[in-house]
Amino acid sequence: MTTVAAGWAIGAAFLLGALTLFAAGLDGYATARLEGSARRGAAGPLFEGARLMRQRARMTVSADALLWRIGSAGLVVTALMMVTVVPLGRWTIFDVGVGVVWFNAMDVVVWALVWLVGWGPNSAHSLVGGYRFLAHGLAYELPLMFALVAPAIAAESLRVGDVAAAQQGLWFVVWMPIAFLVYCVGVVAFAVWGPFAPALGADLAGGVGAELAGPDRLLFLAGRYALLAAGAAFAVPMFLGGGAGPVLPAWLWAVLKTVALLAGFVLLRRRLPALRPDLFMEVGWLVLLPAALVQDLLVAVIAIWRR
Amino acid sequence: MVLDVAFWALGVVAVLSGAAVFRVDSMARATYALALSFIAVGVAVLMLHQDYLGVITILMMVMEMAVMAVYMVMFMGMNPALMPMSMVHDNRRALAGAAATFVVLAAGALLVPWPARRGVPSADTTRALGESLMGPKMLAMVVVSPVMVATIVAGVVLAAHRTRYDRFGDDLRQRPADDPQRGGVGR
Amino acid sequence: MGVSEILARYAVQRAHVLVVEVPGCWSLRVALERQVLSRGWQLAESPADADVLVVCGQPGPELGELVDRVWDQLPGPRVRLGLPRIEALDGALDAIQAGLVDTANHRADARQRPATPGMDHGDMDHGDMAPHGIPLAGGGEDRDGLEMDVLHLPLGPVLRHWPAGLVLRCALQGDVVVGAQASILDGGHVATRATAAKDDARGGTNAWLCDQVCAVLSLAGWPDGAASARRVRDALIDDGSGEATRPALERLRREVFGSRLLRWSLRGVGNVAAQGRGSRELPEGVVGDVHDRLVRMLDRALAGQLATPVTVPALLDHPAALVGALPDLVTGLDLAAVRLLVASLALDTTPTREQVAHG
């Protein structure tokens, strides 16, 4: 694992931006295919971006502007911080020894940010949306943390490069599928996406986004796609073997795997009804958490037995 | 040099944002000023090459501040925002206590003869931390977590005013449970 | 061509339209929505999300005042249009598009708007307990025995997937409704029996039922389901009820009935008990939870297709009684359940013929 110069962070940002655009375009295409003109759907992010750039910023009465703007702009920043520890094939920007925990810390920061976007505008619908997100968070976060522990146990290291390298023989997704599943649930949930989008629900007039307009809205919506992309990118070294694969160079494999997983995440939004937070709470604590713990136990036993 | 400046700057940020907790008007701002203070401390710990401890501090504290938002609504009778509220109780005694604590801790930090370092720090500080915690103290670590969880659960059960007889009926046989909000798994 | 012109041209490809429906103008609203979606535009969820405000029908005085308040909440660039009759729809969207591109006009509009949000009576603090003129919420005990603030929130007429003209003034603790009052704007009296207005609309009752199904599925957060329901609604409007559209309706029913995740999500939500129904004069079709009523709507539409005698319990026949019973039905539910309940009741707020004649 070679550490490249910090200046390559700009390149990483561009790559994340490209993945974000891809995700948004795919979502627009999938929507437009069923509901109208398909051609325009794929160019949706371009038009939506132009519309939001042109729209004026908006302020409500007695809003907490500082916290509100921090929340809406913070999602993109968090996604960028997440990808700094994700290796592209054999190159990485920050080869920090606790990369897995760093990713986990960043996805917890999303908790704070989405709630702040709900709190800031002093609006009933936004606040209810913010609390719906926290309710989802209380249910998915612990299973996600335990799911992230499983590859670290198997690789006996918290360094993301080591986890990727430990999958030379067999990808982790094959023998720890529950951890992978719980991780995917966690990624979709912290991106406020698909079945975990009641925080932005139509029954709350847009929920957390009910009072957002203009560039703040653009940053918030782009941040969701960016978080999905960052989560998909992180799954590659953790569960999908990193850059391993025949013929093509490592970095290209990493990108292809990321794109495939990201497409899967984006396309599942339309297919599933929303999971209500009060119902999902029991599912998270009584189904996902014990499953993740059992998975960790199995992985630990195998890791000890392998030694 | 740069690291020294950064370390001192983080210390100043931590203290100032901690003080801000008592000066700002809204609970949300107080909560996130506290979060900022903890993040500054976490980054300072990172600068001491304790990677795991630093990142975990940031993780846990941000999550705790987010959960505090839930408690904010549960337990604050008045609007937890917007109005200048007095965040302090029993000012004089608290100030005296805080000043005394500061003097004692500062005196300790400055006057105690700290031992000189023996040997060099290990290459992987996380591993060293794990071994020192899990090695001789394994039993304590294994027992502490379930005890903490059991305490939290027991506290909630004791505090909730709906007992299991309310939920399951007098013969404890009624399924599904009679809850105001249905759960997802049907427990 | 300057940057702002290019930006305007791209921005207008994806305008978001906020639709205000005056009671009785369902078919006009549906026609407008179909045109909006076929252009690649979107329907806005809230005023902050909207570029265009369209009023379908001739609003009364109360609704007109509310529409003005909503218009104030749209950030610029914004365009407003009134559609009193269905004939006005031709060329309306092109006019909107031209209006959206006109940047100079929007700059002038922006200049004459206030820069900071303020209440009508200015920015004063009424003593210590009302920042910006809004009084602080009072407290009250909630269902768990905690003392929580009581917030008065009107679930207003300008909401997506909400019956036209209905205002539900809720007292909320957290997101649980502890008290409510229901009314129809502009003193409208809903019909005590199903109105003939729906049958006048093209496609009739079945298309209207599919529209309600689409509303429930959108509120349940299922985009594909809602899109299917919308497609069937459009097919029913275009081709009428008959052999051509029956397979699509059956497919929709299979899809909705077969989705186990939807059933799990909606089971027990908005439950209306069988006892007490008669005393409140509610129709039989109301009994059960949201999922039961959803399937019942589809069964009713299918029965209408087959032109068999309607054995499915009547749902649509007593909108006035349903509006009167709403406060009781809604108390104790959280906001999500309230929205699902109201959508699943398939309320038809079309005013009675006498109102229409006078208005």
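Miscellaneous remarks
Letters are used for the chains, namely A, B and C, taken in the order the chains are written, and counting of residues starts over at 1 for each.
FYI, contacts are C-beta pairs under 8 Å (C-beta built on N, C-alpha and C of every residue); 3 or more make two chains touch, one makes a residue touch a chain.
Values in this document were obtained by computation on a predicted structure and should not be read as measured data.
The chain closest to the protein's centre is A, with centres computed as averages of CA atoms.
Taking the CA centroid of chain B as reference, the farthest chain centroid is that of C.
With A-B and B-C as the two chain pairs, more C-beta contacts join A-B. Averaged C-alpha coordinates give centres for chain A and chain C that are 32 Å from one another. With each centre defined as the average position of its C-alpha atoms, the distance from chain A to chain B rounds to 25 Å. The centroid of the Cα atoms in chain B and the matching centroid in chain C are 44 Å apart. In chain C, 131, 174, 264, 334 are the positions where the chain touches two or more neighbouring chains simultaneously. The residues of chain B that reach two or more other chains are 73, 82, 181-182, 184, listed in rising order. Under the contact definition stated at the top, the residues of chain A that touch 2 or more other chains are 62, 131, 276, 278-279. Contact residues of chain A toward chain B in the complex are 62, 64, 66-67, 96-98, 101-102, 104-105, 108-109, 111-112, 115-116, 119, 122, 130-131, 134, 137-138, 141, 158, 276, 278-283, 286-287.
Looking at the complex, you find that chain B touches chain C at residues 73-75, 77-79, 82-83, 161, 180-182, 184. On the side of chain C, the complex with chain A involves touching residues 4, 7-8, 10-16, 37-40, 45-46, 48-49, 51, 75-77, 110, 116-119, 131-132, 134, 151, 153, 159-161, 172, 174-175, 217-225, 227-228, 230-231, 259, 261-262, 264-265, 334-336, 339-340. Across the interface of their complex, chain B is touched by residues 128-129, 131, 136-137, 139, 143-149, 174, 264, 267-268, 332, 334 of chain C. Partner chain C is touched in their complex by these residues of chain A: 31-32, 34-37, 40-41, 43-44, 46-48, 50-51, 53-63, 124-125, 128, 131, 195, 197-198, 201-206, 209-214, 217, 269-276, 278-279.
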